[in-house]
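What follows is a set of structures for review.
First subunit A sits with subunit B, and in the next complex the same chain sits with subunit C.
And then the complex of A and B:
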């Protein structure tokens, strides 16, 4: 470690931000010693953070962004070797501080907002107790209760302040993240807030709310923010300056406007290009005969038995999907969007037969697959690709086993040809025979998702239900998987039901989009109509909640307030009215809106015909 | 393994297996070495256990079954009788070694039998977790769990008598009865561990994917879920081998197990109890230490396995 001299001049290299530098890092290396060669997790990272600035650190899995932060906060495991020419907080040398001194800095001047709010509080201690423990004043006394309540109110938990007696599991993920933000900003003299993917596990609308809260608090308290994320949309909406990391090195540093307008490094340019793509060019021949659609879902409702209610006079059912009807012509894609808990995954399960609907029919090429008499062979026309490729393959089986097993079930391939067919399937998804003998743990997420697709194709399906197929993949991998799926669709004439929360993906791949809210279809229609001229305030709000990867469009970033109500006691009338910016008291509370034609789409809103002007009047900007 | 596949005709089913086999053998081998070397205690455990198995298998072939009364009574340890002799003039080393064979048989037999019954119960109960099938199976398991091992032993041996007995055409030896008693005692624990692991596995997407593909349930349960459930169950199995050896000794000590003059570690200790205060320390201490080392070894292996197989600690 370089010895620290207090008279070292602090360089300010960015002319546009004259604010003093609060944090500077020079040539930070983090190495993990290992037999057979050390692993360099971070190499030569140099950056500065100015007072009041929001700095984004962007990169994919393994790029070293979290390691950089952990090295600064000295949170890395013992075996990690940290070396830096300098790490300074103001005029203090972080490398020269003892562990005890650094611990006092953490939680006082340096605060951390963790990635997983659900696991960041002790599950067995009441919230009030945990806050008291954290906020020990210099004298050793705990903060008085009213102060804690005021703090919770500050982060938007107003009516919940009396819930200091509640346990963490009684809060939603978004509420917990608010509490953690409260804890982070509760530090006596907070200077720098480190946010490590603070919204990665949250829903889009809640993500928007949390990002807005962070920006607000930052302005109010004059904090500097280090925002670590893989999401360029989050960066565009919240950061002033951006560092792009790849394989442990900084490849580009730029102001957020610069970065999005003129990316200099090819890696950045590729990331941006992958993110915003025009609709895929496909043979949109409308080959599907609307009279005989490939998949017709009519009036499907699903419900779950509420756990713990079984012994007292029958099960209480939780409705998850209510009266959903969809029609998808052969070779087309329907995008299904909505917040978690809206029933989209339940619908996916019902489509592939993992769940029997309580009402309604699902017709695949005119055959009702919900009937019990329909055999496996006929059902195999509908296959599922699930969200997490790391879980969708058995980790104790080889890829060859997975594929040949699927072929064996289908029965169309004789036993001695399955091996050859498995190779063909792998080639079809861009892998080769060398992957056959491997185990799931030896492949990357993208490769695993390709294998999962190959396995589904082994059943020779006509329709694939894709349950957020790219949600757990990195940006660049996402683009490749989307390309593969689009290509396969064109080649094999597949029909897709594509569940996604990424509007850009929906725009890129789908002809039709259906938006679900609390188990019901809110709006449905041609994708360009639904996503550009929404006819339902929920669609509009959802679009406004998406952090758009374009820093010039911050004005349209208006996250929808509130959270999805419990399906056990849905609001009367229109279920969306509790969060709707244009709801009117009498009509929306009493009258259930029917899904009806509005322009080229169908919308379940009483004001479907003039949603845009009403939204404008309510202060929500129009969608670009 | 491209070098293997290139030597085989293409497009055959054997090739799939050939593709898979070398990889798997090497993989399992590498894992085994990694587990043994997990830490020093685990290495000691494996060493003790290997030694125990070796002594139990080979020892009696050299030394005999330990029923011969061919030496002076209560001789203290010497070159000719390293463990000394007992009150009937039998060499205690020979008897201990012969007893360890019984211990090994009881350990493997009872754990094997317990697993055979418990694994299907746990897997099926876990796969249908929360349904009446689960409740029925686990209710049965819980009833057995409620019976203490020794009460169970008293009950069974009390009805059928302590020696061997003829059940229809089958002769059930006293040793076999002990094995059954311990297997019944171990079964609920194995079943619970298997069920818990299956419940976790049930959440994995691959189970759903296989269902959608139309793979029959029994194939999913026993072909796909079972290999993932085995590691935690194996940990339990090793710990129960130690308990089984201990339980056999305890049952025999109480006169409920294998009957004298057959040498078992429990019988030796039972006989020795009368001479504990007469100065013949070797009579109880040396066979007792031998028994302790076996149990410590198996426990260390079990602990090492549970650490090494913990998915959170794996790389």
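And then the complex of A and C:
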């Protein structure tokens, strides 16, 4: 795919000159009537969208950004009360249209790219048949197959054209989102394209590809785009103008350059500040002694049984983690970075003993915890915080129950003191005793994650494995949780293995960073080295795929092409070579690169010593 | 797909073997000596002993079980203690009647249930939805023997000549008469299935209507009716097939009562009669038939499940991670 070109920047200038208004909304209110007082989801929202403009609507969960879009498309549930002084599409009054008339606008003039591509096509119907139904171009009931193939080819799915007979689950998330984008923007071409968090569920490199595709299509077709997102990086890379929403109201409207250079509303300023933070300063007593590391992982490999193969004997194994070695001194943080399927969560499972490695040792404080005889007591020094606090706590139980249960399992606290100890634990994570009697279902995501941390602390661990602890949280909540974890680390002398796909978080919290790709460590070393002077083309590509929250740095946004290969049939030689910008045929295809010293880091690349010049020669811009 | 079918088939065989074992022991552990029943109360102990020997009842239970299994594998179910006919031919002679009733009841009630479930889900919490839901609760609460008796009274006593209240004629001798005789028993048999499937499909539809693919279809401007039929229904039907499979089990056991009340010469009645007469070989044969039918139906449901759900099919076809 072609990387994003400079015409994005050019268009920004064009958009600031007055283009005709295609959509205008005045004083939009959306209210949900409830017993005991109505809930206002959107209040007094007013904005205009110009022809060919990309307008970002930014806000956190519950800020009303998706509700605003759904109100325009009339996709809200019937109980929602929508009222507006005006909603105009060109010179048509949307509020005056009947349901049937508005329905006919949807998919023709107003089109939507959904948030979750994996579930937005029916799983039981062949792709071709579904595309026929979703294709709303005039002239006939069903679009002919060649046209549908051409549609897919347009979004980079050329060789897949014959796969119109395939079912949706046979495609990856990125491919599905391309298909949905093709439908939404070409069948037929709409006046306004709404994209509702179109990359929220995708990996960073695929996200980059999708954003680039959207910008490219928009430039070519002159579409007006409404981009709804919580990610300021996405806004900075794709939008001309931005609306910031908070609690159902617009708090700021500005051009993208203005917003990032001079945020006017305190909420916007806070959002930006949370995103671009320098490395945390931790009140650590002494830096770790490398001779006696807290956690030492040596040559660990894990594999899963291949589904559908015979249970015993000839069961084929799918390698998930291969020959990973890490050393983490006490009190430090190692960030583990990589795309989904790279093995980082499998490694986390092996660390906490949920999975037995097929090879290698995991030494915790000098004790080999991979041996079978290691009891629960010895393992409790290591606790796991999982990604989704909504599902890791029982919604029908109180917080007090969750904590006292954990204390009972640990067994160190007498029964009558557990309540008191639970209170202390809650205070440690910034909650108070009033939360004890509440049910998990009554707490917000951030509060739940705090409870999950408190529960892990109940075991008095010295090491925490954090599996994307902020992935399901909003930006501002993420920053608070990160702060809490950093503070706890300093106070309790904890050691962290911090799994994340957010480079900013890794940069903020860790001393060391390990980058994984297809089960192997691609690069590993001091964080400031790895993330600023990458010695592996994968690290460099990962950094370039990240939408930077800075609209002046669009030129460095170069998403890595392709997708992670299947671990069932990994490429020969270097596993990254199929996507590598600097791969050379012979050596990379035949020789598996060893992880070896390169500068201050270790890199598993044949060209580790001169990655930067080679990347530059291949046309990839340097990392800032 | 073949792999999936083979697996399911083997599983069905194992279940059948287990069912046969359970049936054998349950029947054999019932009190009363069939030899005595056969010869009457006045029979001499010597005669009873001789008869027991002839029937093999004096051997150990395990030995009897062994020969039962051996015969079963060879397809020999023994002969009736009473009439001396082969159990096979007795069961086969009655089977078509029961199969006809069951299939008609399942097919008609499931088809109607899908329509009703769709209608209820289309307008959630409307009067129509409420009526259908209340109707299903009533239908599920009516005991089948009671409804059968009411039908016999209604059409036998109060409305004579409208529908035959009892008896049976075979399809080959009088197709129309056959169907007329089938109407009442089929209603009684199908009613619980109708209710269960309607409720399941309604809930399943409401759930699928909230799915992303329906919302996306709506955002493409497709009408609600289209969304329900082309997007929601094919997905909602999948969990419903499992329920139909289970409901058929209930329905087959219902034939025992229905055939008795309507005087229909099916396997259900054969079973009741043979138990009353302590005709063990026939009782075992008839019960095995019911178990067999139940297993076949669930095998068909499994196959249907894979047919309706491409992900299941794929998982087995490739023996690998789908879409990985």
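FYI, the second predicted complex is superposed on the first by the 594 of 624 C-alpha atoms of A that agree within 3 Å, B and C clash if a C-alpha of one lies under 4 Å from a C-alpha of the other, contacts with A are read in each partner's own complex, and residues count from 1 in each chain.
Note that a contact is a pair of C-beta atoms (placed from the backbone, for glycine too) under 8 Å apart; a residue touches a chain by one contact, two chains touch by 3 or more.
It should be emphasised that the depicted structure is a prediction, and the values quoted were computed from it without experimental measurement.
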Could you tell me if A:415 is touching subunit B, subunit C, both of them or neither one (first, second, both, neither)? first
Looking at subunit A, does subunit C or subunit B touch more of its residues? B
So, does A:123 touch the first partner subunit B, the second partner subunit C, both, or neither? second
Which of the two partners, first being subunit B and second being subunit C, lies in contact with A:618: first, second, both, or neither? neither
Using the superposition on chain A described above, determine whether A:111 touches subunit B (first), subunit C (second), both, or neither. second
Once the structures are superposed on A, label A:261 by its partner contacts, choosing first (subunit B), second (subunit C), both or neither. neither
Quick check on the superposed pair: does A:292 touch subunit B, subunit C, both, or neither? Answer first, second, both or neither. neither
Just checking: does A:172 make contact with subunit B only, subunit C only, both, or neither of them? Give me first, second, both or neither. second
Overlap of subunit C and subunit B interfaces on subunit A (superposed complexes): 307
Subunit A contact footprint on subunit C (complex, rising order): 3, 211-213, 215-223, 226, 230-231, 234-235, 238, 308-311, 314-316, 318-324
With touch defined as at the start, can you tell me which subunit B residues reach subunit A in the complex? 1-2, 5, 10-13, 15-16, 19-20, 23-24, 27, 130, 204-206, 208-215, 224, 227-228
Please give the residue numbers of subunit A that touch subunit B in the complex, ascending. 307, 349, 352-354, 376-377, 379-380, 382-384, 386-388, 391-398, 400-401, 404-406, 409-410, 415-420, 422, 433-434, 436-439, 452, 455-456, 458-459
Touching residues of subunit A toward subunit C in the complex: what are they? 73, 75, 103-108, 111-112, 114-116, 119-125, 133-134, 136, 167, 169-172, 180, 183, 306-309, 318, 566-568
